[in-house]
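Both of the next two complexes hold chain A, though its partner changes from chain B to chain C.
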Partner chain A sequence: MTWGLENVRVGFGHRIALDGVTVPAGPASVTVVVGGDGAGKSTCLKTLVGLVRPQAGSVRRPAKERIGYVPATAGLYADLTVQQNLDFSASAYRLPAGQRGQREQQLLERTGLAGVRRRLGGQLSGGMQRKLAVALALLHAPDLLVLDEPTTGVDPVSRAELWRLISAAAAQGTAVVVATTYVNEAARAASVVLLEAGKALASGSPDAILRGVPGVVGTAAHRGGGGRPDPLSWRRGVGWRVWAPDGELPAGVERAAPDFDDAVVVAELAAKAGR
Partner chain B sequence: MWAMVAKEFRQLRRDRRTVAMMIVLPVVLLVVFGYAANFDVHDIPTVVVGPGARQAAASLRPPFHVTDVAPAAGESAARSKLQDGQAVVAVVTGGTDVDVLMDGTQLFSVQTAEGALAKLSASTRAAGVAAPPVRQQILYNPRLTTSWVMVPGLAGLILVFVGTLITSLGVVRERQTGTLEQLAVMPLRARDVIAGKIAPYLMVAAVDLTAIVLIGMGLFGVPFTGNVATFALGAALFLLVTLGMGVLISTVSQNQGQAIQLAFMIMLPQVLLSGLIFPVTSMAAGVRWISYVLPLTYFIQISRGVMLKATPISALGQPLGLLALLAVVVLGLAIFRFRRDLAPSGRRSRDAKPRDRGSEAVAA
Partner chain C sequence: MTPVDALAEAATVERRFGSFTAVQAVDLSVVAGEVVGLLGANGAGKTTLIRLLLGLLRPSEGSVRLFGSPPSVAGRRRVGYLPQTLGLYADLTVAQNWSFTTAAFGIRAALPASIGTWRNDLVGALPLGTQREVAFAVALGHRPELLVLDEPTSGVGPLGRARLWEQIRQAADGGAGALVTTHNMEEAQECDRLVVMADGRVVVSGTVTDIIGDRMVTEVRCADWASAFTVLDREGFEVQAAGQGVLRVTGQAADVQKALATCGIEEAAVSTVGANLEEAFVAIVSGPAVSGPAVSGPAVSGPAVSGPAVA
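Right after this comes the complex of A and B.
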């Protein structure tokens, strides 16, 4: 069964937080919702798990027992140990006593937290807290796993470990929806929704998004290719990228194959330009 | 320094509830407490029994307020009325003396009654009217020991302070640390969460209350003459209301500061308005109604009745029933309020128009 949001609108007071956003969440696949701060990623995920009610559109999700959710704040009890946090989640999801020990041990080993099971949640490093939060959300083997920026502020090694957990859950049939600000994380998803100011600028597979980049992208040593400053250029590594919506790059700018990072920036520039 | 002052004012301006409480609360408390603080007793419920009941009742003047005249009844009926709390003074006629029995758990009423009886007897003598000698007897607390009356009530008051304050932080702490969101997506019902929040504190508070009562008995020699099970039932209902009030406060507060302020607003009136210090019947009618919505008012009736007067459960139906009603109302409100936190998707966005309704399909 496919879960997700379809053409959803959410408003808080007079502010529109989501406007016609569709987020698919198919089984055994990872959907990444990518966007900057305040783009509407958290609202999107909260609507999906039932914390926010949409004004329009439709939401499909499994029963609460079959959802695993990690809020942006991780949602751990800082004054409970790792083991006690696991025990609480296992009880809340009514995990059969016979399965608890094995499942907890399995997740603790996969998250590298087996050695700190007696440490208080509040005494774990940021990365460890995130891993524990994901482990708690996976404990009852949910059908839908929703993670709000699980890798924000986490070191690269822990990020890789977290993504291994996320991929493993998807491989076992779970529908995973992850919000992130890291564009490179979106590239590994089956489906991506690029959010900006509550609107989906682009969505589909990373390849489809790449194919849909309008105009052409080029590389230059200087901003705008050495000519006059161009608002349609951005720094990339030691050089600059230039986007030509009409397909004509300035002199001195070499055409380049856009990657996913470029696709995201172009989508935002195109939205700002009203294209 | 000015940077700090400006920052604090800006923060204060955003927390309107705190500002309102800082300005309004002192005024309200002063007015309420001012009208409640009254040691003067103007109304002493009195029963008169025995063959000369009608004549004796006719001779009684305020503050005695004759609620029942029963010529056919005897001393045992009069004692029952005092034990059940239906009267503070009972006049028993028919013997060579007139016996005046008084409920020693009502300190101020008894002191007022003693003064009034002395005046009555002096005026009778001055008028040269022949009257049978009056024999006064103070029951349940013959020496009018203050600690005997205070300890049963103080035990409750201490639990109000400890219980309400601790539970008032329970839900709001989850809100502030972000775990409330996690609870909201878990398959937990609001009533399970509320019960789970209260149960551990109920157990600790029960142990606490037992210890306080035992220590009070040991240190101050307060008797425990009644049925322990009746006391336990009253205490359990009282603790349920007290802890439930804390949770209710927690569900309507956005941060721990607000919760503590609200908790104090609930706790302070119980010190002065519950009948612990000032008799409820002496309070101005405008503030007396507040006493009747405070759980401590009823717990004091139960604890003093059971501990000092061995009041049977049959005579405590009203305070026990009202405590049970308060428990249902307070816990019901807490669950109702908390359900909004746990299932916000069940309510519409604040500014949503009737046509604004998205569909949500949840698979079984």
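Right after this comes the complex of A and C.
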């Protein structure tokens, strides 16, 4: 691991926000940190970029000017136009004047913002704001790109554009760390950290996480009027999923290959049972 | 005209704001026992349509019926509405929020047991996840016949989402209908039927299988995924990373192969696979030229998309 968090503990007063969390970040690869609201994703990313100081553990990151960071809210100036936002970022990162025009044009075209250079940041739609914020963070071609929920509330079309931009940056050698609440986005990463209540429930490659699901997962049909077919079951589409930690599924439950959604639910159920 | 069991129905509804038409010629109905997913890009008209169905906006053309009548406060009483912003008062306690909502609609019902733990807590002081549970319980607590849920599980983890869906399904089993908007394609697959809007119109509707149809994408497996991605991206293909060494590309396999070979990437395994819901959705909503399977790939020879030159 070139950069990232290792065994990091962060506390705010009496509350432990991160408890021994490791988040790898390597060149030309995408790490996704997945978790619901309050899992500790933002704290992870803030610690990585140096906005929060850990109480224990180590943090490795490139020099400040080689990082691109988009916080969960904003990441752009609402009262500046798209072009002024770009100019401001270019100046802040001391991008040589000769490189600016081409780089800006490239990013604006890729984000579909080329036609709105003169619009105020605050007047862009939510999806456009997120795309502009990511473009601003990419302007100086950082070594480490850190994005806090760039796709939350963003529609699938803009989400696909954002991910194409993120993967393209990784393909060019950037180390990328993305926080998200959308579990299916983890499948796009080389490395995944499942975060819940400040702890990593599971981590590794998407394949390794799927292979590492303990016990077996099955599907059961829904019987009208009935509740959960098993204490360790959850709703999925018109039926149910059932988890058998000991590998013995109840009668009438058919074994299924777990997907990423199942892997996350099992990790959450296992963590609850362990408490 | 209106089927007896349509809980909510829009018939050729149009809504204009000045010169802007937000919703155009939309037909939609929700019947008892079914969960209908309403999908669309931001600005597609989903929220306007919901506001029309609830009677918060009047249609410019066409008609809206809620429980067989024009929307009214009496009708709203039978609806459980969860807005994107949750619709709770942050500076009131959970119990006060419940009393306020039930009083506003003239409903007599006790505070649901599921949120009793936080009875005396100020909503604003609760974690976001708990606020969402409270909002859900407040919207569903009076056993509404129609649920209207706008992005109900945004920011909720998979287990939390499954638990909320357990409640939605339970309500549907009991005969309620539900209209749910979401940007989460995993969640969309929980619905019985989907309605996809773009630019104020319904562009497609049906089950997940209907919507995906026979759309295909090209899958590329390549050890040097970064080079393959960079080439396809530069050539203007809609390309997405899909795991270690796997790319999914909108376009014909032959065109993808040709583009890779031209740039000296030979050892890539290229195959044609079925599209997923997200890919189908993006193709439907963003491409006017998408009518069949895998026809939307740019010709390799032509500069179909203004792909940025990589220096």
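Assume the second predicted complex is superposed on the first by the 266 of 275 C-alpha atoms of A that agree within 3 Å, B and C clash if a C-alpha of one lies under 4 Å from a C-alpha of the other, contacts with A are read in each partner's own complex, and residues count from 1 in each chain.
Keep in mind that, in the parts below, contacts are C-beta pairs under 8 Å (C-beta built on N, C-alpha and C of every residue); 3 or more make two chains touch, one makes a residue touch a chain.
Keep in mind it's a predicted model, so treat the numbers as computed, not measured.
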Combined model on chain A: chain C and chain B, fit or clash: fit
Which superposed partner A:G115 touches (first chain B, second chain C, both, neither): neither
More chain A residues in contact - chain B or chain C: C
Which superposed partner A:G212 touches (first chain B, second chain C, both, neither): neither
Which of chain B and chain C A:G101 touches, first, second, both or neither: neither
First (chain B), second (chain C), both or neither touched by A:Y182: second
Smallest distance from any CA atom of chain C to any CA atom of chain B, in Å, after fitting: 5
Doubly contacted chain A residues - partners chain C and chain B: none
Interfacial residue positions of chain A with respect to chain C in the complex: 28, 30, 35-39, 102, 105-106, 109-110, 125-127, 152-160, 163-164, 167-168, 170-173, 181-184, 187-188, 190, 196, 205-207, 222, 224-225, 228, 234-238, 241, 261, 264-265, 268-269
Residue numbers on chain A that touch chain B, as the complex places them: 1, 8-14, 46, 49-67, 69, 71-78, 89, 92-94
Chain A contact footprint on chain B (complex, rising order): 177-179, 181-182, 184-188, 343-352, 356-364
Footprint of chain A on chain C - complex, ascending: 40-44, 127-129, 132, 151, 154-160, 162-163, 165-166, 169, 173, 183-186, 189-190, 192, 225-227, 229-230, 233, 238-244, 278, 281-282, 285-286, 306, 308-309, 311
